[in-house]
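Below you'll find the structures, each written out as structure tokens.
Two complexes, one shared chain (subunit A), two partners (subunit B, subunit C).
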Partner chain A sequence: MEHQGLNLMDQALGFHSNVTQQPWPLCGRFVLVEDCVDTSGAFVLHHILKHSFTSRPSSAVIFLAFAHPINHYDRVLRKLGCNLSSQRDNGRFFFLDMLMLQCPVEGKPKHDGLATVFEKIERAISELHPENKKFVTVVIDDISCLEVAANGSSNDVLDFLHYCYTLTSENGYALVALNHQDIYSDGERPAFMLEIEYLADILVKVDPLATGLAKDVHGQVMVLNKETQKQQGISSIKVQNFHFKIKENNIEYFYAGTRT
Partner chain B sequence: MATTRTRVSSFSHNVSSLKSSQHPGLKNGPNGTTFVSSGISDLDKILGGGFSLGSLVMIMEDAEAPHHMLLLRNFMSQGLLHRQPLLYASPSKDPRAFLGTLPSPGSSKDDTSHKPSHEKDLRIAWQYKKYFGEPQLNINTNNGGHHDYCNDLDLRKPLERHFFTSNNVDCVSIQNSPNLDALKDRCAEFLAQFSRNEGSISSAGRIAIQSFCSPQCKYSDMEWHMLSFIRSLKGMARSSNVVVVVTFPPSLLSPSCSKRLQHMADTLLSVRAIPDEDKELAKLLTGYQDMVGLLNVHKVARLNTQVPVILDATTFSIKLQKRRFLVFECLNQAPVDGSGGSSYGNSGVCSTSTKAGPLDF
Partner chain C sequence: MAESVCRSLRDGVLEGELAPALTIKDSLSSPFGFNVFSHILVQLSSHIVAGKSQSRGMVIVSLSRSPSSYTGLLKMNGVDVESSKKWIHILDCYTDPLGWKDKTRKSGDIMDPSNQILSSYKTVKDVNKLFSVICDLGRGLVGENKSRFCVAIDSLSELLRHSSMQSVASLLSNLRSHDQISSIFGLLHSDLHEERALAAVEYTSSIVASVDPFHHSVDGQGSYIRNSSEPNLTKGKLNIRSKRRNGRVRVTCEEFKVGPSGISFAPVSAVDGAAVAGLIPKVQFNLQLSEKELVDRSRVVLPFEHQGNGKPIQIYDGRRSLEESNNETTPISGGKKEESGRGEIIYFRDSDDEMPDSDEDPDDDLDI
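Moving on, here comes the complex of A and B:
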């Protein structure tokens, strides 16, 4: 059962499935990453981003950045061994800088808010080289900033995510989004969170260790993979728990207690 | 061998000349970031060098004590001493009056911080271990011109007027403005001076916003408006050579709004007052009498990297040394078993007798 070069996260996300047979394990699926103030889950996005570029010669990523400017991601990914600038020049990486996006409050029709963002995604996909269209990943970093940009209208955000979900699942693209779970934990608006979690095919929860911060273990991950076994028509849920340690050029994943 | 040596030396020479050509208030950090000093040398050390340019620092206030003002005053004063332009916004009627309370560099407090080095030969109890680390750290920072970078600011000595009468200080009162658009425009105008371009950084700026979303402000019930202001401020700051420090009272916000602000912060600190006569706590912590409050470091900025900064300790005591200098120290928890701990402590400090006297903590 030893998969060479695959770590626990790859296995949990389903990257271990027969590589030549299936195109891209995340095709048509929605990966939701949830984190909290103490432990950031951004590294999961970086992981998926790197994997999508390195595992396939023809794949494309459309990145909606609400949290950081491009030079942040560029530096982080470069240390992981993936050059975003050259991928952008190759037409495989579309960076949509949403850092300053602010939807108009009232008065104006809502059309120039998130609808334009969605149009941008559609346009980016249509501009892709047909060869690269097979394995497209849409990444949203992160949903809570998207909510702020939409002036707190969670219905608009949910509509937007539904549109993205439909777009990706119909065409066999992957959708990856980051959200902060502790914002919703006080029970003010749990419906928003539940609805996104319901949509998600793979849920990655990143938490700090219950025992506090540690230098060797940066936190724990729970990957909930709602695998649908199409031949039997039943869906099963696979849950995996493990710990991780983030390094500049690599992220180590290991089971609890296996690191001395 | 000789050639490599010359190469090495010429390389290091280049680096040092690069550093010296820089502004004294700036320091190179990891991952292509640049630090400015927070005005408190201990906080600089805790954060690994200071506040990164382009980052948003948020300080969660204690509703009952003004400890966040101590941090803010040092931050602002250090900037003015480095001739870095400052934008200060506060909910008071006359924000400019606050500049009169800024601290000024005082005579050095080094005599106390270097004192413990002679104890090296002794066997020191675990709780005094922190004194060992410190002298080495001091040497490190001295290499980079410690006193140029961060001054020891004396909180009882007001800053000389000529530092802030010049036109590089901009003060805004946010008390009577119906919304944050005006402040946003001022910030955008200020940030435009420092927009980042390729090459060396010539100057840096500082923005200090005190008691953001306090109830005096008319917009304090418009949470989404405030969140989008902070978000756009962060977005603008990211592309400019400016550090933004915002203090806010989390207890006055809804929990979800406060969490959102915490997520947006690159560096997140919180201050807490400690009650005067808390017998339980006094028993637990050494040096309780000198403490004025506690500082919590929740998050340290990680621009351009995915690796989190894990600190040895996240809670520090805030002390006023000689009632003038702000220092942060690791908490020293007294051992739970009182008698055993006291003999340890005594042998470490005075090394006179192993017989324990009465506890002093």
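Moving on, here comes the complex of A and C:
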């Protein structure tokens, strides 16, 4: 199922469309994954990560890790049948370890914390092999940790995301980011999350099952795909809802009510 | 009406008045604000190219879309961007709004001279400077004389994020009162800002076009309709509130539909009217009478009218004297039981003065 590229998540993200002719379907798009404490959405990142390596011979991933060290991703991806270390040796996987990143406190003369991070991304892209520059995916895991690194300044984070977003429109790169929705859900700053949602072309919301915990269903996903014409704006919004079950080596996606 | 909005932006400013300003509001539940924005942009620029509008040029402040997308948009709609007569200038606040990319490239502030219609702006937080840059660019397009230009700002929300509400409001009102600007329009995401910031922007604009979802979302504002019955969301409503100089406010509503070829507007369909009519309960009879029915009704002889022809009227009014009541078939004088098997009510009148029972139907014993 996974290999046919025809599971529900692939369809929702647009991977099913003519694999060889089209460029990478996420080219020039920003995929925002929103999860919550009860249900982690990291599997969507892994899914896209794996897909970008397996479906294209010449693609590269720049991974900004604020949440986990590389070993974590290496183990997870190996289970999914994808070797990150070898991809790194091939120059197709750039891992930027941001775990210890702490931006200087505001008010200091050189306050350019996230600007230097963006600089690192640009440098990593410039170091890529020209052949691999066609389908670059920038992955950010995750935005709330990024915000912590930026001393809680959501404005800086939005600036940073804006700069990453310019990469998608200028060079046709893909941007994938994970965010935790329940941190921002109540009162104080809902605008921060909405602002990112405005930026996003594809919004993947991962929630626990609405009807309560279940053994065979680990959660529900809503994929909201804004069909954008870069010139005209949004031409339609497609919404898909389905359930998922995380297994050891893969993830099953299915419509509600089709599993007993 | 989108048409009337375009017209009033095209006609521009009356001498001694503030320039007309349009704010387009949208929200995440109907994020088609940019489609409306680009529609108006294309309409207005084709008017400018044709020389039919008051303004002779246009300055686009691009904060949320890349400048190339605007040139692409105009070209796609058949508007000549690189005409011999320069009429458009895009101020690029999108590619590098804070000058981060500058640091790596060390390219400095030098503009690409080959690109005539594009200049970049790297200090978005400085709104006062932005105002003077916009005015300089506009003057560069139309010259120092009396001719005017219009200004398009593609994200007032970005501006509001980068600087305070006061400075954005003052930027807008400065632009409106500038004597070379014929009209301005901008896009605002209404759910990102406080109520007062929205109100401040709406006060400084003469027309507010708000993009609303076609169906009112059940689960409140700020989120997409989760289990929406239709998986494809392409429609919405455009509510336009325009203020006249004399203070009159006109509110109109229009439907729109977006598609691959752009946005199309239509008057609010009659579906709404039918739905309202459907709410009135269906009745089996007419509440009004037709002409013929009225005539027929006037001819009907009522029961108490046809009784008096020759014979004595036999309406018992409850006050007859005893000798008359003796003639009646059922005597009401008591004590005389003819058939004990038959049930019968025996009634003694106490006196002639007694009034009939109030709860008894006065017509009960009508003898017709």
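Throughout what follows, the second predicted complex is superposed on the first by the 243 of 260 C-alpha atoms of A that agree within 3 Å, B and C clash if a C-alpha of one lies under 4 Å from a C-alpha of the other, contacts with A are read in each partner's own complex, and residues count from 1 in each chain.
Throughout what follows, a residue touches a chain if its C-beta (ideal position, glycine included) is under 8 Å from a C-beta of that chain, and two chains touch if they have at least 3 such contacts.
Keep in mind that what you see is a predicted model, and the values were worked out from it rather than measured.
Undergrad: Clash or fit: subunit B against subunit C, after overlaying the two structures on subunit A?
TA: Pair status: fit.
Undergrad: A:237 in the overlay: touching subunit B, subunit C, both, or neither? Say first, second, both or neither.
TA: second
Undergrad: So, A:81: does it touch subunit B (first), subunit C (second), both, or neither?
TA: Touch status of A:81: no partner.
Undergrad: Looking at the overlay, does A:218 come into contact with subunit B only (first), subunit C only (second), both, or neither?
TA: Touch partner of A:218: subunit B, not subunit C.
Undergrad: In degrees, to the nearest 10, note the angle that opens at the C-alpha centre of subunit A toward the centres of subunit B and subunit C.
TA: So the C-alpha centres give an angle of 110 degrees.
Undergrad: Applying the touch criterion given at the start, work out whether A:57 contacts subunit B, subunit C, both or neither, answering first, second, both or neither.
TA: Once the two structures are laid over each other on A, A:57 reaches no partner at all.
Undergrad: Touching A:184, do we find subunit B (first), subunit C (second), both, or neither?
TA: In the superposition, A:184 contacts subunit B only.
Undergrad: Which holds for A:195: it touches subunit B only (first), subunit C only (second), both, or neither?
TA: Touch status of A:195: second partner only.
Undergrad: Aligned on chain A, what is the least Cα gap between subunit B and subunit C? Give it in whole Å.
TA: Distance of closest C-alpha approach: 18 Å.
Undergrad: Could you pull out which residues of subunit A sit against subunit B in one structure and against subunit C in the other?
TA: On subunit A, the subunit B and subunit C contacts do not overlap at all.
Undergrad: Report the residues of subunit B in contact with subunit A in the complex, numbered from low to high.
TA: 31-32, 223-225, 227-228, 231-232, 235-236, 238-239, 254-256, 259-260, 262-264, 268, 298-299, 303-308, 310-311, 314
Undergrad: Over in the complex, which subunit A residues touch subunit C? Could you list them?
TA: 112, 115, 118-119, 122-123, 155, 158-159, 162-163, 166, 169-170, 190-191, 194-195, 197-198, 203, 222, 224, 226, 229-241
Undergrad: Considering the complex alone, what residue numbers of subunit A touch subunit B?
TA: For this pair, the touching residues of subunit A are 37-40, 42-43, 46, 68-69, 71-72, 75-76, 79, 99-100, 102, 144-145, 148-149, 151-152, 180, 182-184, 186, 188-189, 213-215, 218, 246-248, 251.
Undergrad: So in the complex, which bits of subunit C are touching subunit A?
TA: 28, 31-32, 34-35, 37-38, 65-66, 69, 72-73, 76, 94-98, 100-101, 103-104, 157, 161, 189, 191-193, 222, 224-228, 231-234, 258-260, 262-263
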